[in-house]
């Protein structure tokens, strides 16, 4: 599967993420909704809980963590997904025995469909994703991220190869992380759990807290989601 | 699998949906329950969150979104599913490169059993559904909707073919949407998540909000669900 | 798999169920907990929502619905499953075209392990369960319920055969319900969803409401669950 | 799969568990968070609900129950998993027909990855885990726990063999529990449900209660999780 990311919402999350590390994480409904006008105010303080699944291997470490979508009120009493959710894969290199340098981390945001690709990956199958975090900006094409997932020769698991080519900083970073069958099963299990969350279906299904949402101009919301945000084929 | 829909509840949702677009969406417990006498009144405002999974392809776009069932109090302190939930597949045609005409949309409501059919569809299997949204009305047989799902020849995914024959408007609309393995896995994952929701099992399992439900005459509720609402074989 | 039920808790539910039909259903946390001393009192009224999955076939109808476990406070600040949950299969006969007689219903309570058996049933596999609702009472052996599940010859689904032999009333009732692949997939999907519920794991994982629980004598709770309640091998 | 546990967090739970039996169980969000500074105070009393899945066999009994992670506020308004969750397998011996001695119990804490290993275990596959509850203490190597899971010869299920060698007490205890296909399917279904819980993803996704969390010194939390807590390869 070869594709180039148009997942602007999550790549923008990645940009912000370098500054606001918290936005990397699966956070509670009201910490999320505070990031949009669909503000929740239920009288409780706003402590966000963060979760991840981290693997530490010989050459690099890998962390898997989801980002929930944000909702925005688009009409009186109706709010819709404003910023898509995703699952962030963060890689950072080993700099010694069991020592890893978090400052050198690089992140890749999986879209709901790419998450589906991992969930459904057969034991002998491979897949590869290509993202351009600067797509549709003046820097488009300057940074290329590619993630390839392939079965290990000894059939004991899969191998994740991630590379980030940055033409501006003239850097080319590579990360390689072997993932055992057991670890991949754990990853697929939580991905299956979290997919409805990053698609916003779970928030839509849960009782709504009181809202003090401001209003977004109608024209912004009447139209359907911009197809250019969708993966091409 | 060949069958004709008697899924009146959701076809009626489809009729209303052309006017009330919001009823297309998975909405929160209390936005839903307000649609029935089993009214929720927990002091919070009623902001509904809406979610979907949309795919934009060459000839048409496809949106998948669930509709929760509504409950009605049928006896003192007991409410039961009054209107069945479903999953709405909405198709709308491409009218240019990455341009789609939402006004020309056509919708198909999958029953819980049809959702089960998609979840369990084998890689080489096909299935086909036939619905008559006007069933049991004076217009019965005037509108015929058929959805067929079959594997793509190159085995890279499935093909959805949807046609709506309207003898009243003398129209015959066809939509064809290819769905990749990854996209179909994402769809099946959220369908598995949402099936207990549209069947009402998740609402039944969750704590109940205060109710100001009005009363429905006993005789309406003592009987079992009308078999004529059930799929035939 | 041949076994005789010692699932006293749910068979007692079945006995009560003939009087209290509501106890058949998956009900909200506080309608359930009111059935035990672990009483919930959160100021809301007690409207129970009920859900099922019903199939109407030529000879009989089948309804699938879960029963949550009840909890009882067994020590200060600690409550444990007091009555096990289960999934109730209710069969009632056809008495004409699309007419069914609910008064002639017979029910079978699946234990968590029997639910696991259905979830994991392979396409060509069969299983059979035997229950004695009067076990350990003076009527033990007087009523025998057996449920067999086997693949249909044409491979289009499974066949449920349920028989109830009652030596007291000198009756022998038989129900036969064919279930399509799609319907069985829907059943297995909701069974997978509901299994953690009937085992009490979901209630244990959710925030607890204020409790006014009375106390159960220590000796009743210090011991482990009575092995005689567990299925033999 | 051969590995030695460095799962300190859960082995410490096991040590405490011999005194505080309640810590064995999946407990509610606020009973758990009370065990850390990320204290929940929502005005309700603190009744914990406990759940398990227990099997009573000829030579021994097996209980499966999860332990949720604890969160600690690591920065203003942000809390992170402080103590990892796990799934506890508790074995205790039969001392007669349907009589079991809970005082002779031995427990094994499955890490999220080991849970993944069980969920993904193929019908003909085996796996084995090795834990040292005293790892990194002065008693390291004195107690060795090993759990092996292998298919039964007659293909009717799996066999769990658990041994605890304690060089200090000069004891060597062995437990053997056969698990049927149906029971293993039930176990895998609840393990799939509970994995996101023990990884903290579900708590992170749920609305947060008011927090009166104390503050943990920044340096403790800025760094990534200690790799030495992660399984080696």
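The letters A, B, C and D name the chains in turn, as written, and every chain counts its residues from 1.
As a convention for this text, a contact is a pair of C-beta atoms (placed from the backbone, for glycine too) under 8 Å apart; a residue touches a chain by one contact, two chains touch by 3 or more.
All of these numbers come straight from a predicted model, not from anything done at the bench.
Listing every chain that touches chain B and chain C alike gives an empty result. Homomeric contact chain A/chain B: same residue numbering on both sides for under half of the interface positions.
Using the mean of the Cα atoms as each chain's centre, the chain most removed from chain A is C. Measuring from the averaged C-alpha position of chain B to that of chain D gives a distance of 40 Å. Averaging C-alpha coordinates per chain places the centre of chain C 29 Å away from that of chain D.
Each of residues 202, 209 in chain B touches at least two other chains. Contact topology of the protein chains: cyclic, one closed ring where each chain has exactly two touching partners. Residues 1, 38, 71, 73, 77-81, 112-117, 119-120, 127, 192, 195-196, 199-211, 213, 223-225, 227-228, 230, 233 of chain B are the ones touching chain C in the complex. On the chain B side of its complex with chain A, the touching residues are 22, 25-31, 42-51, 53-58, 61, 66, 68, 92, 98-100, 102, 178, 180-187, 189-190, 193-194, 197, 202, 209.
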